[in-house]
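Heads up, the next two complexes both have subunit A, just with different partners, subunit B and then subunit C.
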Partner chain A sequence: MSRLENRGPNSVTDEPLISVEDVKVHFEKERSLFEMFSEPDVVKAVDGVSVDIGENDVLALVGESGCGKTTLGKTIIGLQKPSAGTISYRGRDIWETKAGNTDLSFADIRSSLQIIHQDPGSSLNPNRRIVETLSEPIRLTHPAITAGERRARIHSLLERVGMTPARDFASRYPHQLSGGEKQRVALARALLMNPDVILADEAISALDVSLRVEMMDLMLDLQEEFNTSFVFISHDLSNARYFAEHGDGRVGVMYLGNLVEVGPPEQLITDPQHPYTEVLRWATPNLALDATNASEPPMRKIDIPDPVNPPSGCRFHTRCPKAREACTQLQPELREVSDSHQVACFRSDPDHEYWESSELED
Partner chain B sequence: MTTTSDQLHRPRDGVSDPILEVKNAKVTYDGGETYVLDNVTFSIERNEILGVVGESGSGKSMLASALLDAIPAPGHLSGEVLYHPDQNTTVDVLEFTDSELMEYRWAEVSMVFQGAMSSFNPTMKVGAHFKDTLKAHNRVVPEGLDFARELLSDLYLDPERVLDSYPHELSGGMQQRALIALSLLLEPEVLVMDEPTAALDLLMQRSILLLLEEIKEKYDVTMVFITHDLPLVASLADRMAVMYAFELVEAGPRDQIIGDSGHPYTRALLNSTPNIDAPLEDMQPIPGKSPAPVNVPAGCSYADRCPLATDTCRQDDPVFEDIGDGHIVACHHWQQATEEIELTFNQDEGGESVEGELR
Partner chain C sequence: MGHYYLRRTARVFVTIWLVASLSFGLIRLLPGGPFTLLRANLLRQGVPASEVDARIANLQNIRPNAPLWEQYFDYMFAAAQGNLGTSISLDEPVSQVIAEAVPWTVFIVLVSTILIFVFGILLGAIQAYWEGSRFDQLVSGVSITLMSVPFYVVAVLALFVFAYQFGWFPPAGTIGPTVEPGLTPEFVLSALKHAVLPIFSYTITGIGGQALAMRGNSIQVLGNDYVEVARLRGLSDRRIATRYVARNAILPLYTGFLLLLGFRLGGTVILEQIFSYPGLGYYMWSALESNDYPLMMGTFLVITIALVIGVYIADLTYGIIDPRISRGETDAY
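Now for the complex of A and B:
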């Protein structure tokens, strides 16, 4: 079995599976010829995030486009190198491992951290039948088994992800599958690597609303069955809540490269502490009969600021309806407000100078 | 111009002043073998926001294209599409000459598609798209551009910056709003939008919906919003129409469709969507799959998946029944549906779901 032995020297202790410490990912924007000699623009896609992921855990990341969810997710699974900070897998720094400085191999770490993309089609080779696509990981992980055993495993896994008759689906090409079916193949392929963590990056966003619950249920069943942790990225708070609540995990709200609120889903939804979480809650449709006439959004501007020049102080202050002068100066840090519920807003601190400072004028 | 008097087959859908009427619209491919729109009859009330809901592949986009006589080749559209610029005038859209059709598609009934990326020419500045459209329709450019600026600011965009940008220099949400402004440039009476926000994050989607409501009030434009996302459009629409397998299965006022839907499919759709206020265990996926265009079954096309299906359903295609207040349903057992398929969201008394725990 290729799954990494869960018996590292520290595994008796409560060491997290993945530990992210003050990670930053800064991208330099490409410069045109005229700009060659000026300072390059830098996008601070992730700017100082710390978070742990345990065994059989769920972290659901929410936030609007461009807030850094994908970049953070890729950093967590070792696909993106951070510009600063560390990311460790079972206590070993992933990038030190790549440099050969730890007792694990980078290839093993990478194979135990898998990804499912938003666009399932793009990750499947259009010229190969499903059975061929799925054979590859098995050949890598179990070079010794026979073709017959391999096929049997593929069929049982396809059945497990709800693709029956498996024999029929196995012989199809990607274009003969619906979006949901392609996503199931992507999930099956990730599972063949016996991963510890799967990054599901907007993996259900392209599916019809009515198919999303089913796909989330499937991933959650597999979380239990295969003891896999999920980093589940979504721009939809109700999906994040569903996945994190059933997966017994947390929701993390991102805004312009920062985590601004992290907490248990029900708590975060019924009692949001960060003004931005309230905005996301406003944006989530509600079927209540009295909800027809949507209220005004609890924010001052529709568009997210340019990440090249993020606002000073609290990055949300340009849109926050509660912002005061203090918010333009200092950046709030994540602090514990109750058990495993953290928020980065001055309002969570009753003694903060925020309360004495003057309201912002637009 | 033609006038049609037969209002006989109009279902009693509560529409009193239709701006657009579609009668027995069928779209076929393969020389009539494959139906992608099957005998759809419905109308759009002047100045309403109509939400059309259905899953991917159910024929929603065909319906939108039918309104503009813009079915992609080699599809064939039959039936009638009637446009009423005012209460006493009726125009047969399928009889238009090419130039009439071109004017109709911008100045009368305009259309916005999903993905602004593919609707803008990436090598042209956004402003040039506005100018070209004005010139192509012989409008006075400076005046038209002033109106464009007004529309852009109505959509919370900085007009000068947007007009002077290439599409890729704008965020997805800005591009889509610029596209909506462009589609309103010639002051159409009707704006048809096919998944106009599907590629955007939820916050931007909801913001755009709010802006559309303001636009509608300001310019008196009738709107048709087509999407798979029932909860999303439910926050905007006055009236909703539900499509299943290339047919219309239910239509009515928004509150009736959400709170008192008669079609088992609509009820299943409502129960299958993650809802922020619903108890988590109450979300239930719809079992089975919708039929492919080639093998739409006889009888009700939902029978295979419907918990209430009987032999009658499998043999006879249900016709529309008026169940009150402009609410129409095509189901043999709509009464039973309202009694037995419980809606699991929005329950004050903490009602129990029929199917019990989901997980």
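Now for the complex of A and C:
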């Protein structure tokens, strides 16, 4: 709260929409009867991430399975309560607001942050027609609107997301739609809430490859029209790049609960600063620019470390080909290498003790 | 679509016809044959041997000396007209005995099955919301225990404790001996009092299974993304619980409900015997004991027809309740 008061009159415009500060999400593993008195195993799904999302922004999160990108995404839209750190919406802490301690009502925040899930089959209530599913958000946001107007809005939006004839689609049940069409309905439903941020949690991963670009283009078109920001989660660097590039946003690379590199897609891919980004680039065939080296993975080990017992220091040091002694001791922080390009690697700092320490030997 | 309903309805009649034929055939295969006892009885009563066959034919719509296929047609035509012959042991038309017995059995079965569903669904839904809590564990344990106890064990215990030890409820019959049938308060009260123990023992052993089924379904539905989205839209918990979770979780139980109704009708054979409750099952048992073939066939037929109709209704209405069951129409995909 005090931060808000200290700001000048012009600062409202550059205030981030969502501000994530040093957020940690730890899950405790349930203990069995025999482990009653031992320390519980803690999975650090997200371990100290700070990132800002502005108005009409795109943040594409990439990383391998289990790196915490979905958990971070859900934390950003207030679905997952962080174990530590704060997450604020327009300067108000979301979880404080939920407790009723700020001037904003939680219902406002709630409807401003929406989600599109990965599985189109599970994201629509099988017992409601498309028109019923879509009238619910309108009824919530515009209680005064008549049924006829509601129908007209739904039809025009369905046409807008490429589902024609809208009248026919509106009267269908979800099981009568294809996966791509269901995902379009999910997008339409999220947009009808007039949200500020939509979390697209692997929203295109379940779609046919040929439909992915189309769906991404649709989301980007509507982003401008509806003035929404997207947090786009993907495990495919090329999809993330496409989305962030066309949405004029950033790509964030996650590794074991840490954000290791954030930057504009073009820079991140042509000039990756973090060795892990390099690995991701290598793993994405059409991005491996020098195909001659494509057969050799740019890392020492393929195995992912146990998230319950993450490696000390830099978490990537067990697999990093450039790791040195210093990496096993200290954890690098995100630091700016150029405009809006940040990386958490000692190699970005020419004065770091990393350069003096000895190389790791397997 | 209409085609489907037509086919489905035709199948009901075919099934009932098959069941009737089967009961006719099976009973004729029983040792002694259906009319040996009746013939002996009539002879003992002093009916002249020459008239015995005519009397039997008169009573049972069947000519005992005719070829089997003629007997079969006679029986089927009479049954189609609602004439099921005359009970040998009770000396009353079978259809009349059944008509008097059916309301009591339907009352017990319907009430106990509805109770099972109401309580089972409530318990299961609460368990699902509080998954892993003390309450959930306790109810699951009790449910499994009750599921493994047969209803007739509970029935015998209930009869012993509540009827004989405490004397709270009458041990037998459908209404008190002095009560006149009619829509009077005494009649309703007496009927309820007589039905409490049978309904109780029939219900308590069935709730557990339904609760566990509902719990499983609800937990599965709760994990669906559309429930999370509904929460994100800020819908009230109550609306989510009823319109989103309960509705989708109850659907699979619906067919089970109508099937269970039919199967439990058959279970009354034992239940009504324990409580000397003169319903359908009670008469079926006494018919078996006294070699009363017409009554046996009649009760058997009615119980099976009830089951067939239960499944029929379930099939017809499922498409209305769950849009995903498409009644054979193909759309999309």
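Following the convention adopted for this analysis, the second predicted complex is superposed on the first by the 341 of 362 C-alpha atoms of A that agree within 3 Å, B and C clash if a C-alpha of one lies under 4 Å from a C-alpha of the other, contacts with A are read in each partner's own complex, and residues count from 1 in each chain.
Here is the rule we use: contacts are C-beta pairs under 8 Å (C-beta built on N, C-alpha and C of every residue); 3 or more make two chains touch, one makes a residue touch a chain.
Predicted, not measured: the structure shown is a model, and the values here were computed from it.
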Which partner does A:Gly249 reach: the first (subunit B), the second (subunit C), both, or neither? neither
Please indicate which partner A:Pro307 is in contact with in the superposed arrangement: first for subunit B, second for subunit C, both, or neither. neither
What is the contact status of A:Asn286 with respect to subunit B (first) and subunit C (second): first, second, both, or neither? first
Report the partner of subunit A that touches more of its residues: subunit B or subunit C. B
Would you check which partner chain A:Pro332 touches, where first means subunit B only, second means subunit C only, and both and neither mean what they say? neither
Look at A:Ser111 in the shared chain and tell me whether it touches subunit B only, subunit C only, both, or neither; answer first, second, both or neither. second
When the two structures are overlaid on chain A, which partner does A:Pro126 contact: first (subunit B), second (subunit C), both, or neither? second
The answer for subunit A against subunit B in the complex is residues 64-66, 179, 208-214, 216-217, 220, 235-239, 241-242, 245-246, 269, 279-289, 291-292, 294, 296-297, 301-304
With touch defined as at the start, can you tell me which subunit B residues reach subunit A in the complex? 55-56, 156, 171-174, 200-207, 209-210, 213, 228-232, 234-236, 254-255, 258-259, 268-270, 272-278, 280, 283-286, 345-346, 358-359
What part of subunit C is in contact with subunit A in the complex they form? 224-226, 228-230, 232-235, 244, 247-248, 251, 322-324, 331-333
Residues of subunit A touching subunit C in the complex: 77, 79, 107, 110-111, 113-115, 117, 119, 122-127, 129, 136-137, 140, 172-173, 175-178, 186, 189-190, 193
